[in-house]
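The data blocks that follow each hold one structure.
Both of the next two complexes hold chain A, though its partner changes from chain B to chain C.
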Partner chain A sequence: MTARRSPNSKRKEAKKLLAALAVVVLLCLLPFSTTSPYYLHTFIITFIYVISAASLRTILLSGQISIAHGAFMGVGAYASAILAKELDWSPWLTMPIGGILAMAFGATTGYPLTRVRAIYFSMVSLFLGLAIVALMGVLQGITGGDIGMIDIPPLSTIAIRGLPAVDFGASKVPSYYFFLILTFVVLLILYRIEHSHVGMSWKAIAQSYMVASSVGVNESGQRLLAFAVGCFFAGIAGAGYAHYNMVLTRSSFGFLPSINLLIYVLVGGAGSFIGPVVGTAVLVIVPEVFRSLKAFVPFVFGGIMLFVVFFMRQGIAGLFKQLSVKLSGTGEKEMPSRAA
Partner chain B sequence: MTPETAVQTVANTLMLSAMYILVALGFALLMNILGILNFAHAAIYMMGGYICFELITLAGVNHWAALLIAAVSVGLLGFFIERFFFRPFLKNMNNIVIITLALIVILEATVNVTVGSFIRRIPSFVPGAFRFGNVSLSGDRIAAFVIGSLLLLAAFLFIRKTRTGMQMLAIAQDPEAAELQGIHTRRIFALTTAIGCALAGVSGSLMGAVLSLSPFMGDYMLVKAIEIVILAGIGSIGGVLIGGLILGALDASLPLFIGGSATDLIGLCIVIVLLLFRPQGLFGHEA
Partner chain C sequence: MLLETKALSKHFGGLAAVSLLDISVREGEVVGLIGPNGAGKTTVLNLITGFLKPSQGRIFFEEKEISHKKPHTIARLGIGRTFQLAYLFPDFTVFENIVASFHIHPRTGFWEALLNTSSCRAKQGDIEEQAAEIMRLVGLEPVKEALGRNLPHGYQKLLSMARALAVKPKLLLLDEPIGGMSPQEIAFAMTVIEKVRTQGIAILLVEHNMKIMPLCDRVVVINFGNKIADGSMAEVRQNEEVIKAYFGRDDA
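== the complex of A and B ==
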């Protein structure tokens, strides 16, 4: 799929890009129909988690189920927030720095992780995530510990001469567009990575690390790369969250948030690129609909999860694939999901 | 550290370890025999505590009868979960992960909606405290330790000495070979889940009396159970004892010197380092 593409697959890609653009245009129109901060807030949170979940799937591609992803969001979030608050740097600068720091942290901690595979990897990553959150508690002086960190500067105003100034503090509309664009760009990058030579190696490792290394794939190197790339985008998402929310508590990055990210990916369908996007959208937005019955929201969440397991083996995105196969009769053949 | 504190710490270690091991043993059994990571195990631990609490406070059942009924009903719950949620998906790890996590969410929400999220406490099983010289220990702590140890002893005897227990060990070693020898694996799976859940239920009830009950008390215990299983090593059931003692000792003694988060951090780092250098755990066999 990398070097030579058949005209058929090119057409299919064009179709996919068109569909994605259509969704983006629709989402762009949303603020014109409603400026209710509540709806916009729900969508912004969804965008942030889409970035995270999609980057988690990047790690999953290489056959590594990481349960530390929420914690790496936290690394990016705290790094960016501390730099912006204590050193007074612009959030536009600290956000990418947060991503890079999360990546560096992921690469250094991920290096020993390449020694372990499969279920052992998942467990070490689980403990790694918990250890990071415990570390945030130990470093109370700069992270605020359990009380949390407040007064994080919001994204600073963009003022270009001749154009109206874009103020991120005044309304949620600029933030909405910013995160929409960011999500789109990140997804585009992740899509390109997945369909590149590197992505192919990751998938090969996931299918069989022995075969992959026997044909010259540097297994540990590639796995580390996948982990670092995933952590980078998680850090970006976390940093975005920090400056959007302006308040951070370490419980936002603990065990359950990490697990939730994994659920978004698995429920959406780990086998396809839009899986995490669909999964996040469904699992963040649908429970919000039932918000008035707050205590019952977990039932909706858990119910969706069970429904997907029992009736949609390929995740929600798998349903779309099956539909397209049925409608056109030519859809690509289902690959058995090999994420485990 | 005064001698009194030292004795208290040792007593706390033993009590805490017994509770940890009761939960971790069920978790380890499910992992070794069914080959699944049952994240919902800690939610079942929590359910045990709440069932016992409701029986005592609402229905006015005798304490010890309530403990027994709680253990049995949680065992039945495990039986039900195995039959309808685990059995159809044993081969698919992704689905098991989703299911067990969904069960946590649903069980916690059930308790949250019916009982409420206030922190509660089961009335003491053994009221009052016992004094040994300068050291005083609450009756509940002693009861928790005694009941926990007796149950563990029974569980280990069951696994090592009875026919069913040895069938469990055989499946843990090699499921296919065990099946070829005529072992009814499905029956053993159901039994394993029921026993594991019942042990967790007892632990939940006792912890509810020693400390407190909350719908989310399981999350903490889940982490402890996984840590213990890792220390012990996959495939090792005896190692759970040692793993539980190590972790119990850390959690009972370190908070005397450093803060709670730092204690968690040290425990986690020990486990991470161990996993990196000895992925099969202290007592496990090569995977």
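== the complex of A and C ==
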């Protein structure tokens, strides 16, 4: 919040931080109660998509509804996988490079995108995403085309003298912790950006680009920055996915995955920071629980989407907010009806 | 000369919204730009602030040409403006609306903001101080925490002026600053404009409501995109062309 910090808002902020830490501690304890690879796998996949969905929301902040986010995950994934596999570089190095390449790709292709707004932006981003996936097919010499890419090196063992070696191949526990920490750090960074003046400019542009530029906000520059930042973290998520999964197919980054990311954000609540976290958790874990009914998953998604659009525009996170407002009675204050 | 347009013209297709217009505003001067509906007044403001590109002619601000600069660059040079309709950021509170408008002065960099350094926090505190000051100036304190979208019309107009002041302008362009206001609101808005003027900020305002005229040092009248009169209120009132434009009197 940018409003001057009253003791009340400070307490609220402390509460939020405490709640976040409690969730992290609980998640840290999870592998002690179960080492079932299946459960851990579900959580790891959730973490990866939380990073991606949260970074998509960062782009949404600036009023740009991107339908290419899955594809930018793919750019990071393939870039990191190819560098690690063909050049034998360590995945610890190729993952950040994957993020940077996704960002560079986003910044160059995003430049013409900043010339269009609203639905036109979304349309162009949709075709950009499709083009990226098509490119992955054309470059089958290095990407494996439709057959996909296999034998991607996993995260390499961390061996520090004096400490027990951390082997990412032996069990899923180290991967679980790695992605948990990564998710936490990424969310922290995105939170800070959103609550800085940079985030404020993005929100200002989303509300009225004309008013924003009349007070000196460089509309196209800031939109490009938001897009590049979002693509960077999508690339990181994709790269992590590549080395965790060790197999890539381009269909994981096509139209539907991009739409799914949007659904995660909208169902969770695009208006609040934890929206994409909640949305992803619900929509990744629920289908896993009802795995035997997998054929019905698209219908369930559609049903949830309809429900959200009609009954809870603010998403699941917004529902909590409304409840807490109702319970504590801290709504927006009535204002005098006339100026002066 | 603070602002000067030279033979400024704007054509939409075959229609000349503004043609060969010369307007000037001196430092600290309040100039009223008036004219019947469709005379091209708002177009002039949009041309000056870079939201429209002139078809011909040039615009100078502090002797530097700004004819083809982008809106955000022009704002940074020191021209603040309000809009007739799109006043504010609807999802920000009144206070946030003003604070957001301060970000024109990018004193904190991206990385500094990301790391939330102490110097960054100090600057933020400084901005909030100044925003509070502007809020007091325009009398928005009672509605500080209200969301922009929930503001009554009069407050919205005042907020858009506060937002424009956050740019720390040398020149303020006001598009119908008292349009649609009640008599009490008009009286208050005029005291605000008067206060702004005493701070030495030059003002170019577009208005239909003649109540604003006592505030103006000079009046420029345009009709169909052409300047038909320029001078003090008393002079302009005697002008044949002006009378014709407003009352449609045919002297022939």
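Observations on the model:
Definition applied: the second predicted complex is superposed on the first by the 326 of 340 C-alpha atoms of A that agree within 3 Å, B and C clash if a C-alpha of one lies under 4 Å from a C-alpha of the other, contacts with A are read in each partner's own complex, and residues count from 1 in each chain.
Keep this in mind: contacts are C-beta pairs under 8 Å (C-beta built on N, C-alpha and C of every residue); 3 or more make two chains touch, one makes a residue touch a chain.
All values derive from a computational prediction rather than experimental measurement.
Shared-chain residue A:Glu219: touches chain C; no touch with chain B. Touch criterion met: A:Arg192 reaches chain C, while chain B stays clear of it.
More residues of chain A are in touch with B than with the other of chain B and chain C.
Once both structures are placed on chain A, chain A residues 337, 339-340 are touched by chain B and, in the other complex, by chain C.
Chain C makes touch with chain A in their complex at residues 49, 51, 70-72, 75-76, 80-81, 83, 86-93, 95-96, 99-101, 103-106, 108, 110, 113-116, 120, 124, 128, 132, 139, 142-143, 145-147, 150-152, 154-155, 157-158, 163-164, 166-167, 181-182, 184-185, 187-189. In the complex of the two chains, the chain B residues touching chain A come out as 37, 39, 89, 92-95, 97-99, 101-103, 105-106, 108-109, 112-113, 219, 223, 226-227, 230, 234, 259-262, 264-265, 268-269, 271-272, 275-276, 279, 287. Within the complex formed with chain C, the residues of chain A that make contact are 2-4, 189, 192-193, 196-198, 200-201, 203-204, 207-208, 210-219, 225, 332-333, 335-340.
Against chain B, the residues of chain A that register as touching in their complex are 65, 112-113, 115-116, 119-120, 123-124, 126-128, 130-131, 134-135, 137-138, 145, 255-256, 259, 262-263, 266-267, 270, 295-299, 301-303, 305-306, 308-309, 313, 337, 339-340.
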